[in-house]
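Two complexes come next, and they have one chain in common, chain A, joined by chain B in the first and chain C in the second.
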Partner chain A sequence: MKDASPAKPYALHLGVIALLFALSFVLPEYHHGLLARIMVLAVFAMGYNLLFGYVGLLSLGHAMFFSAGLYGAGLAVIHLGWSVSAAFAAGLACGALLALVIALLALRTSGVAFMIVTMMFAQVFYLVILYLAAWTGGDQGMVVPQSMRVLVLGSTSLDLTNPTVRYMSALALFSIVLLISLAIVRSGYGRVLVAIRENEERTKMLGYDTFSNKLAAVIVSGTICAGSGAAYALLFGYVGSSFASVQYSILPLLWVLLGGAATTLGPLIGTLFMYYVIDVASGYTSAYLLIVGIALILLVLFFPKGILGSIRQRWLGWLP
Partner chain B sequence: MMPLLTTKDLSRSFGGLRAVDGVDFALMPGEIRAVIGPNGAGKTTFVSLVSGRIQPSSGTIIFDGADITSLPAYARVRLGIAYTFQITSVFANLSAYDNVALPVQRTLTDSRSKGAVHTGVMAALERTGLADWAQMPAGQLSYGHQRLLEVAMGLALKPRLLILDEPTQGLADSEIDNFIELVREIADSATVLLIEHNMPVVMQLADRITVFNAGRILAEGTPEQIRANAAVQDAYLGTTHG
Partner chain C sequence: MTDKNGFFDLSRSALTRRTALKVLAAGAGLAVAPGFVRYSQAQSSAPIKIGFQSHRTGIGAAYGRWYEKTTAAAVKAINDAGGINGRPVEVIIEDDGTDPGRGAEVVGKFASQHKTDIVYGTLFSHVVIGSAPAAGEAKMPYFVVSEGHHVASTKLNRYVFQPGITDVKSQIQSMAPWIAANAGKKVTQIFPDFAFGYDHRDYLPPALKAQGAEVIAQIAIPPTESSFTKYFPQIPAETEVIYHVMVGPAVLTFVKELGEFYGSNRPQLFGFIDSLEATDINSPGLEFLDGSHFWEGSPRYAQPDDSPAQKAYRAAVGIDDNGASVGDPKDVSTAAHMFGCWETLYVVKKAMEDAGYKGPEDRAKLVEATEALTEFAEGPEHPQGPKTFNGKIHQCFGIQNISKVEGGRLNVVHKTKIEDGLYEPEGDYTTQAL
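Right after this comes the complex of A and B.
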């Protein structure tokens, strides 16, 4: 957004990607698997952040975009026998289409009404998944057979159940989405999105059709979240209705708030932090949610803009 | 010569109040027109109708020969109608640079200007004397500078018609002198419609003056004619002639 040289932010982001790559070779097995999962869910958070952080639209229904990707990819493999890459594309397409339809309806509202409308649509989506149990497995969910989870690229085929392949696939998706977000945020389009968040009326009076810009943002956000869901189905092999429940609409909001809304790396940090607080705390006590709650309260008190948001505010103004 | 802007029988009611009531108005290209009138006369409502911020109850608005009555505000901006706000509404959390970059990149998208965003932004900031504050968050600029930033944003839209709604409100006298110079410069390339309460500013700048009262046009003419008009003095200056 700033008119500063682009070298620093790009170096930082490439550095983060390189670090995640290197971690694959040193992490113990348990953390290796956990980090792969965190990277996939961080993509979910990045998609959410684009809409919430930059456009200022608080959705409480993003679980439906995640599960559109999850089921779009999962059902394509299980029922249609599609290949992994075709199923991933199907997941993306489901997310994009759903986002288009939801945006056309929900963007007629704003503020609290937007939260309620998105939440309501997500509940409908969740109930439809349960209702169509014959195809979706209902509340039991479905397992994507191991034999189907093979990514064919030209003459090589990669077994997505192999931990290293899985980690690297998650990293590849994470890196692509991270760099896409960085490019969006630094572009003229990103500047318009922030302007809409700050003062929509004024943005209109500068010649911007704010509805179209918001529509595009919901579609990009929904598609990224669907990408996360599709990757989750294909990499971890489980397609379940719990991912469509309201909990999974609130989690990305929490991750983004923790890491720092409207920061490109905040979603990763937030997801990582939350996962590890829960992981460490549950090792000591069954009341781990209490510790999570205290950690959240402390963060809100001392880092009201999230971890990265506060760092940007106090020390590193150039952070994108 | 064809007027740049014409309104025909333009009206807008809020409930029972006819804020703008059957206004026929014409503005020639290149002129500086001041709109004056007592509080509540309908001046801001009138320019809001022209800029598209609110829709008229009836009547038509013609800009450069085309009927724009039903166009949304953003489309009118793209035609070259720029509006600067009465109450300063710059993007307080964005830098002055980003504030101006928004209109600059808009005109580039619409192919109404050429070159790089950076060049356009710095040109607009230099013209308003804000170049040194480019990276400062707009909310931290002094009030006078925020008003200038509003004007810089309006300028960056490459307007053919620039609507300034009480631009000198809250400015110090020294700032007002610079401001008058700036508006004269702008008028070289754009038509200016100015709502203003500060009479010395109006008398120095305006080619013609339109006086609003109770939603209607009470009088229109050169500054001298308006100064001498008894009806205007009654309505606006509140003096009585015995």
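Right after this comes the complex of A and C.
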């Protein structure tokens, strides 16, 4: 953020997108599939990062936004027979609406109280999913029928169960959200968010309506997370309550901390890193979560700002 | 070798010494080339690879451990008897953390990295449902040992099978005649307020009604509850049978508090052993269960009338007469369910042999061969009992056991018939494309 020149950051981000595109053609089948999933979940982490990294609001309830998208899209297909694009829009709308309501209530608090309130709302959301088991499938969840996971674009129809289509769809979503994130953090609005994080009182004194800015941030963050959830339902064909559990509220926090909070590419790096640590470690021991824990402790000790955050601090000050 | 003009035609009369040496050298070169060795093995003796999606961690870990033991025993027995189609069986285990998201990834890993022939062994319903789309998309036969009704509901896909254990709908239906005839006509159900409980909530009332009995109250207990006393006053006074299916660590508290609530003057108790799998029936706090009855898929305790096949199965898996690990009496097994692993692997063996299965290119044939199966006779391959198989709904049907807690053990007092658990199919997987 020290360098105002937009060329370097945009070149880097477009380069990352180009690299991910190129990887589609060279990656072995398994890693190809895994990376598609990682990109979708990295979108979840990017949504989380917007609020946590840039506004400094630590939410422990973002699983509800992810699952609002997941169920919004999944149930629209399963029960209403909506098309993929309509269902995706429904998922986004559910996330945005939920984020608006939660923000209006939760933003009356800050700090630890904000964490607790968001966590409680997420728990309520989780229990509502279980309670409405007749429609949501409860704890077992539901399968989005393979035959309905077809994206119709004009005269062409794309089968989302095809690995290449799935990868490219995940990449498209990831790229759009990445560029939106970059645009937001480089915009005047993004600077206001950072100002709120650094000193909310001072920002108020400068004449900014911090509540409205935070409200908008929660809605954008929730909508991005819902987009990730909706994509997950449509690309991978399963909606289940485990995605609304507290574990999925903590995961994006870990991904963002690992990759580097308040860095646009950090969420991708963190998600990628954590996924591969689990994938490799679980091949050797059932205590793989212990290895994940040790990796996290080491990172906090030696890279307290996360991987990209530390790189920015030490070498590349211009990283957004 | 059939080309009479070819280099390898040893029948030609004019075989010179130079030619013979060339042939020998070429043969030796091929034999030591790693590629050749792999190729020839792939055609003949390369192992059949079974990807075992195991609950090593997470809520299903106790089941996962015993599912692994049973699988190892079954694979050893199959390999000792010559393997499948003359090829040894190799099991590759991946932990799914009892999580549906990770489950789907593990299925993908089996399909594209380990390149297993099938995926097998999943128990928890949400993991099965979460993984089924990945299996269907990879066209990977997926043999689960879950007892959930999800396979038979035909809501999954053509690649998912449950041939080694009956489903919960069938189990509940089989229990109703015995409950109505022996325990009582007025039944109150207590169940956890999530999917496992809902199967019981939905399937028991019609099954009891058909037997002239009725469910007079249904008490759903939220999954987060740790104390149950406040729910017991909801049990109607005229209740003759309490039908309970509480699961998870809270079950010990549940039983203890139920005991304190009723004292010695209690209604009949009937439960599903799922609550107490891998838990010693003589644990402190469970005394109140003495004299009550449980459903068991396969009996935990050795019974006087155990068949030779049942005895051999128990010895192979390594469980003693009390259903605990041989050598560690505290390590209680999940006997009521884990036999399903043993039987499923033998169904896979039979289907692969029927299909002439050679490799992943024959997976569609394997699906069709499995769908063509109709009956499994009781014996070493099916020690729990005889079964029928409905290829349209990919589900087997078998006998169930009702056991009474007496003298600190579970004694089988009734065995149901296969017909007791049959129901109308809800769909037909065979109409789906392969």
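We take it that the second predicted complex is superposed on the first by the 317 of 320 C-alpha atoms of A that agree within 3 Å, B and C clash if a C-alpha of one lies under 4 Å from a C-alpha of the other, contacts with A are read in each partner's own complex, and residues count from 1 in each chain.
Quick note on the criterion: contacts are C-beta pairs under 8 Å (C-beta built on N, C-alpha and C of every residue); 3 or more make two chains touch, one makes a residue touch a chain.
Quantities reported herein were computed from a predicted structural model and do not represent experimental measurements.
Following superposition onto chain A, is the placement of chain B relative to chain C best described as a clash or a fit?
By the criteria stated at the top, chain C and chain B fit after superposition, with no clash.
Let me test your reading of the model: by the given contact rule, A:F21 touches which partner, first (chain B), second (chain C), both or neither?
neither
Could you figure out whether chain B or chain C reaches more residues of chain A?
Larger number of chain A residues touched: C.
May I ask you to decide whether A:G137 touches chain B, chain C, both, or neither, giving the answer as first, second, both or neither?
second
Looking at the overlay, what does A:R191 touch: chain B (first), chain C (second), both, or neither?
So A:R191 only meets chain B here.
Touch test for A:Y276: chain B only (first), chain C only (second), both, or neither?
Neither chain B nor chain C is touched by A:Y276.
Looking at the overlay, does A:N199 come into contact with chain B only (first), chain C only (second), both, or neither?
first
Does the superposition put A:D209 against chain B (first), chain C (second), both, or neither?
Only chain B; A:D209 stays clear of chain C.
Angle at chain A between chain B and chain C: what is it in degrees to the nearest 10, using CA centres?
That angle rounds to 150 degrees.
Just how close are chain B and chain C at their nearest CA atoms in the overlay, in Å?
Result, nearest C-alpha distance in the overlay: 39 Å.
Once the two structures are fitted together, what part of chain A is touched by chain B and by chain C alike?
none
In the complex of these two chains, what residues of chain A are touching chain C?
28-30, 32-34, 37, 127, 130-131, 133, 137-144, 146, 161, 236-238, 240-243, 279, 282-283, 286, 288-289
Show which residues of chain C lie in contact with chain A when the two form their complex.
That would be residues 56-57, 94-95, 97, 99-101, 104-105, 108-109, 111-113, 125-126, 129-130, 132-134, 136-137, 148, 150, 155-157, 193-195, 198, 222-224 of chain C.
For chain A, which residues are in contact with chain B within the complex?
1-3, 188, 191-192, 194-195, 198-199, 201-210
Any idea which chain B residues touch chain A in the complex?
Residues in contact with chain A: 51, 53, 72-75, 77-78, 83, 85, 89-95, 97-98, 101-103, 105-107, 109-110, 117-118, 121, 134-135, 153, 157.
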